[in-house]
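Lettered A, B, C and D in written order, each chain numbered from 1.
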């Protein structure tokens, strides 16, 4: 193979070495990318060359990476002239018997050389991980360099094809799984951080389940994972689920599976939807293994409830409360029955320590939360991202849990409120359709009433 | 899920039942394909629907399948108006800072709905195999229905992406492999048919190797496989390699690996190149396992040598023989030293039983074969398909073996001539480049002289 | 390691080489066995030495093997003087507080050096198989050399410990199992010979099950295996079960599992009981996998029925028939209603082709068979070995099947009669106890009446 | 199955429940043990019964366990009368052709019923672990109840047979091993305690190796394991090996493997020698994987050096020092050149912080250590247990390392001295023999001189 512009060393360079920028070698990289695109020397050689480029990319510092990606985006797009030519021929052929030939030529013409190059990186020993990480870089750079989106489109298309759910395996993760894999759960858990190996072991105990999707080429790299508690009733409190010292439930008697954390592990797969397939298959697997399970439900955060509520209470937004709803609170505080009192109480962090106040808040907060979930929209879908995910997957809003999450994050996001989205296996498909086409949100009648519907 | 137009039964229908044609249900299939393309009811539902359509397709007889594919090809292409619109915007944007946006839109516009539908078939339990078999159908139908090529383009693109060599695993096949897998070798072997389980066991003996590429989702389905004999010299005869009663060589002492059969197992992957990667990785694996191996060579058929030779001797084509080359033959037959004598001898099958005649043919036939391999071209590449494959992979023409294959097939294809293509690991890349760019064929000097070069 | 008396070669010697006898090297072997027994040079060295001896044993011809085993049996027993000494001390200590010490010493004294040597052979790469084969040799030699039994006792004790059922894994064998394993089923099947790979594939079809016990160190070597057909009623005919062209049953609908063949694969494990554990675990596995199965039954041969019957009809033994039982037969043959007529008919092989005769035989033969199974004993157990096995395992005699096996072997053994032993999971333990302690044989009331009980 | 005296519950009893003593049920247990010994109701039933007894044993508190084991030891020994009878017949037969028969009978007679019962516990799902733990109990109880040794003899014989090295698999343990397994390394490490998961990960880094023996039925239960560092010279310091922040060595360049910790994980296997086989196989594996490795050496503690030295310096024991050896120390302390000065310095912990003093101690301490290793014996073997192990395995004393272990444990055991035992693959067997038969200790000439030899 022709020498690369940067020698591939069998050992990683010492961390202290300043990572090189690309500029000086730009001409050489451009040439080699061109050779990749043309598959000069045959496919086998092209892949080896691409692998070398990939190794080199890894050794670059941020500026160098940006230059590299920019080069790929700008100089390896489709040929406009050839495209124009192909389109003209296609447009003319519409309705003729040869239309199909020209459609083929046109599609061939708009495939970008950069797309071919990206494919070749799959030759790296950990090619998939490389491409996922490349995309993570790309997403970061796009904030300041919107025009990289064209490269992202090519890369995302490739990843979407390769991470098609049909290729993924659903695997149960247990304390018998490799430590190198479990370590990644600790790293990737996005909802309720894992504090230690002891905390992790508790989450993999006999009354728990943890499932992840894996790609067969990356057996130690979970793509998305869900943590589940087996209980004998709907959980209303996240702390008790995470308590390492709580007694272990008897799995045989459990009738409820609580999905209390779902984490996408790979930034580079953003937009490649896996979550809905994951839940469907996990529910199927649980039903087979533990036929006594009857209820499948989440215990979910409401990440933007407080943001909305604060704005709402400032008088800027509609809300469903009536004077009566404030009475208890007024009695408890000696204030007036209205929005300002509520706002004042909430602003003072001390309320959560005051059992009477906290209890007085339960009713109005529950109504506000129900209103928020069912009636506050962004375009036609729920404003809350977690609600959007679970309702779009066919669940219904089952129950609101006041002070279910007393962690700092819980208060910061939702004043401690959490919600159960319940999946009724027979209703899932129906719910997906009515949600997708009519924007209808499934909810119990209690929740609907609380939301003023 | 909405009911399919044809109920999915848990058991295959009895073989005697006439398979239905599609026409009557055409309207319903069209609707469901449309739902798939739009992902109506969400991705999960769309996949279930596609799986149903796939099962139904399987139940159709040939006419029905053709109608189905025709429908997919004709009615689920890109929208010409949207395409024209997108192209106009793109063409106008060339050179402006927003070019990238319009490139993205254009590419999005030419993606065909049928391509989305094909992806969804991956939801079938054996989705990949289904799509490979679908393509095999498509290739068969294309002979009479060229316009199906547009669907084939979409399908081949998808398969090329999914069967990227980076996802395939190279595995050694032994007598310890599953019988269900070995059975497929018997079925798929394309070069030297496997006669029985005893023949197969001989080909997997300790002085043999067999490797195949597999996709992780189809662990029992070899995609392409190669059979290898470990010997202590270049093999010049296929019969001795296939003889079940020949003594087993001592692997420790072998210095030569003879690749005597390479079979593509899947018609549906035609055009998805795997062979060159296979040989490269097999050679690497052999070098690691058996460091004493020095020579890597094929023992290959010349499938079109006789066809060319017969035409050539009829006076229609150039050939390299001079009068001297015929002398031995003339002496042996009492005929004149020239083309007609050669032609006459060859036409009479009895020559192969006559040792003197057969020996007299050796020299002229070897010259003709060398000429055929090195100088007879189709466009710029060798006319012989096996030569095209191995020379394109970087091997050189090493040796010609007269009467190396005395089977009926051997005589029918090449009057019994076989050739060794040798892979010299250090020359492979160089050979690929000069073959690809300059059309140069690597050969030993003996062969070059025989070809009159 | 000290040199062995016969060099260990990396390759097996050519089969034509005369295998050496031992005599000349006897002194050297004796010395090395002594070194093994004393573990001279440490355990690691002793094992290497034993492995060398084992390899050498394999290279011997029959006479040499006999000499080797004889040497081991005669010269490596316990020391009589030390034994006498230990026993005297033990006998004196009985009833004193130190009794335990002397029991330990005595037990130590009677352990034979040969037993230690046998253990060391486990160091061979395939040590377990070696020892099983060694025992097979030993069993063969014992016929003429009864005194080898003392070595056999030591070896059997070791094998019994190592093949404890707690170490064995029950595995299902399918068409996906390694060919090298399936090949052994063909070799070992002892009841109904497997004719071809096609026959084997049929026996592993979706309406069949095959299970075997394996030792973890010999994953390709089945120890004992059972073949099962899933049907919708009790099978009364072996030919239909073995017919490759019979339609495949729907597993989902099957309510009956017919165990139609159980084969011990290893002669060297004779007397190490595995069969009863096998059936118990297979039934458990089937119940879990296919909860619709209600009936678990064999379709078994009666290997000594004819032998007994011929003797019985010659007037030498009791039988249960009364004059009435012969009437039909008398009518069909025009002979007298009695034993001589029956004997005469059976002696003429032609009866089986004569439907009227065959039918006339049904009733008396069934009665005789029932009598044979339930009332003909050897000591206190049934005379029939298959009956002994299944009744000892807790089954009951369920049904007799006239002309269920029309093969030559079937007629030779039992005039074509077969029997179903049925395992009722809830009765197994009770049946084992009453069979073991009271010699009671469980049978349906029909069978009991037929046997005249 | 007959009801057990204590119901087997599917869940473990709560830890707070007082565990029952056995006395009250003694009669019932005795009966059931008797049934086990007689295999009442057949082998399958006997095993189920034994499993029940085993579960019950687990539920007992210490007193109950002692009673159980005592019962087994005392009441299930061989029958003295039958033994006497068998021995008399055997003694009489000596020299007759039937000697073998009576040897068989005698051996049968001394097999104890308790031995049969122990075998049956293998039917428990984790039978092997149960028996190992039972033996750990037994070893603990034996301190006060020496007569349990007779039961221990039976149990150890069984475990020795089952844990024969021929059945064990050598496996490399890495960070990819199951967490449930790695957790046990933390628990079992006996030489240099593992502080945390971070410490563990460091010990499994790319410049480390960890191997263990496993029994196939206990894949998560290491029996004995060794930790190895790959370095480019003989390590003289344990702290640097254990430092999590030390740089990772390049494995490719390493020429030395340091075995810095060997831990027997199972108390219940005491006396079942595995260590010597482990080292042999690990060295073979390393040689194959990393052919550049030339030196295989331990870095070992000297656990009883200080105990001996303190006694020696008190004037009670011989030692090798001459006046000259004390000179440096005398100069450094201003004391006299003799034993009392040395004793005084060592008694004051502060010396280790004083570089001059520490250096002055090097020479005399090294001589004392060499003398201790090579010349201080217990019976005919080295007094130091670690020396006994490694020298018995064929290593030689390679080097002494002053202040190689500055941990509290290091000072308490050996004033910080450590030793390298080096394994020269070609000398191992020779060393084992001369050590075993002549009591000769292999050592470098430097060490021999230091020991005054």
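Keep this in mind: contacts are C-beta pairs under 8 Å (C-beta built on N, C-alpha and C of every residue); 3 or more make two chains touch, one makes a residue touch a chain.
The model shown is predicted, which means the values in this text are computed figures rather than measured ones.
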{"item": "Given chain A and chain B, the chains that contact each of them", "value": "none"}
{"item": "Pair exhibiting more inter-chain C-beta contacts, B-C or C-D", "value": "C-D"}
{"item": "CA centroid of chain B to CA centroid of chain D, Å", "value": "60"}
{"item": "CA centroid of chain B to CA centroid of chain C, Å", "value": "51"}
{"item": "Rounded Å distance between chain C and chain D, as computed from the means of their C-alpha atoms", "value": "41"}
{"item": "Which pairs of chains touch, using the document's own definition", "value": "A-B, A-D, B-C, C-D"}
{"item": "Chain A residues within the chain B interface of the complex", "value": "1, 40-45, 47, 73, 77-78, 80, 83-84, 87, 90-91, 94, 97, 100-101, 103-104, 106-107, 110, 112, 119, 122-123, 127-128, 147, 149-150, 153, 158, 161-162, 164-167, 216-217, 273, 276-277, 280, 392-394, 429, 432-433, 436"}
{"item": "Residues on chain B engaged by chain C in the complex (per definition of touch)", "value": "10-11, 174-183, 197, 201, 220, 250, 252"}
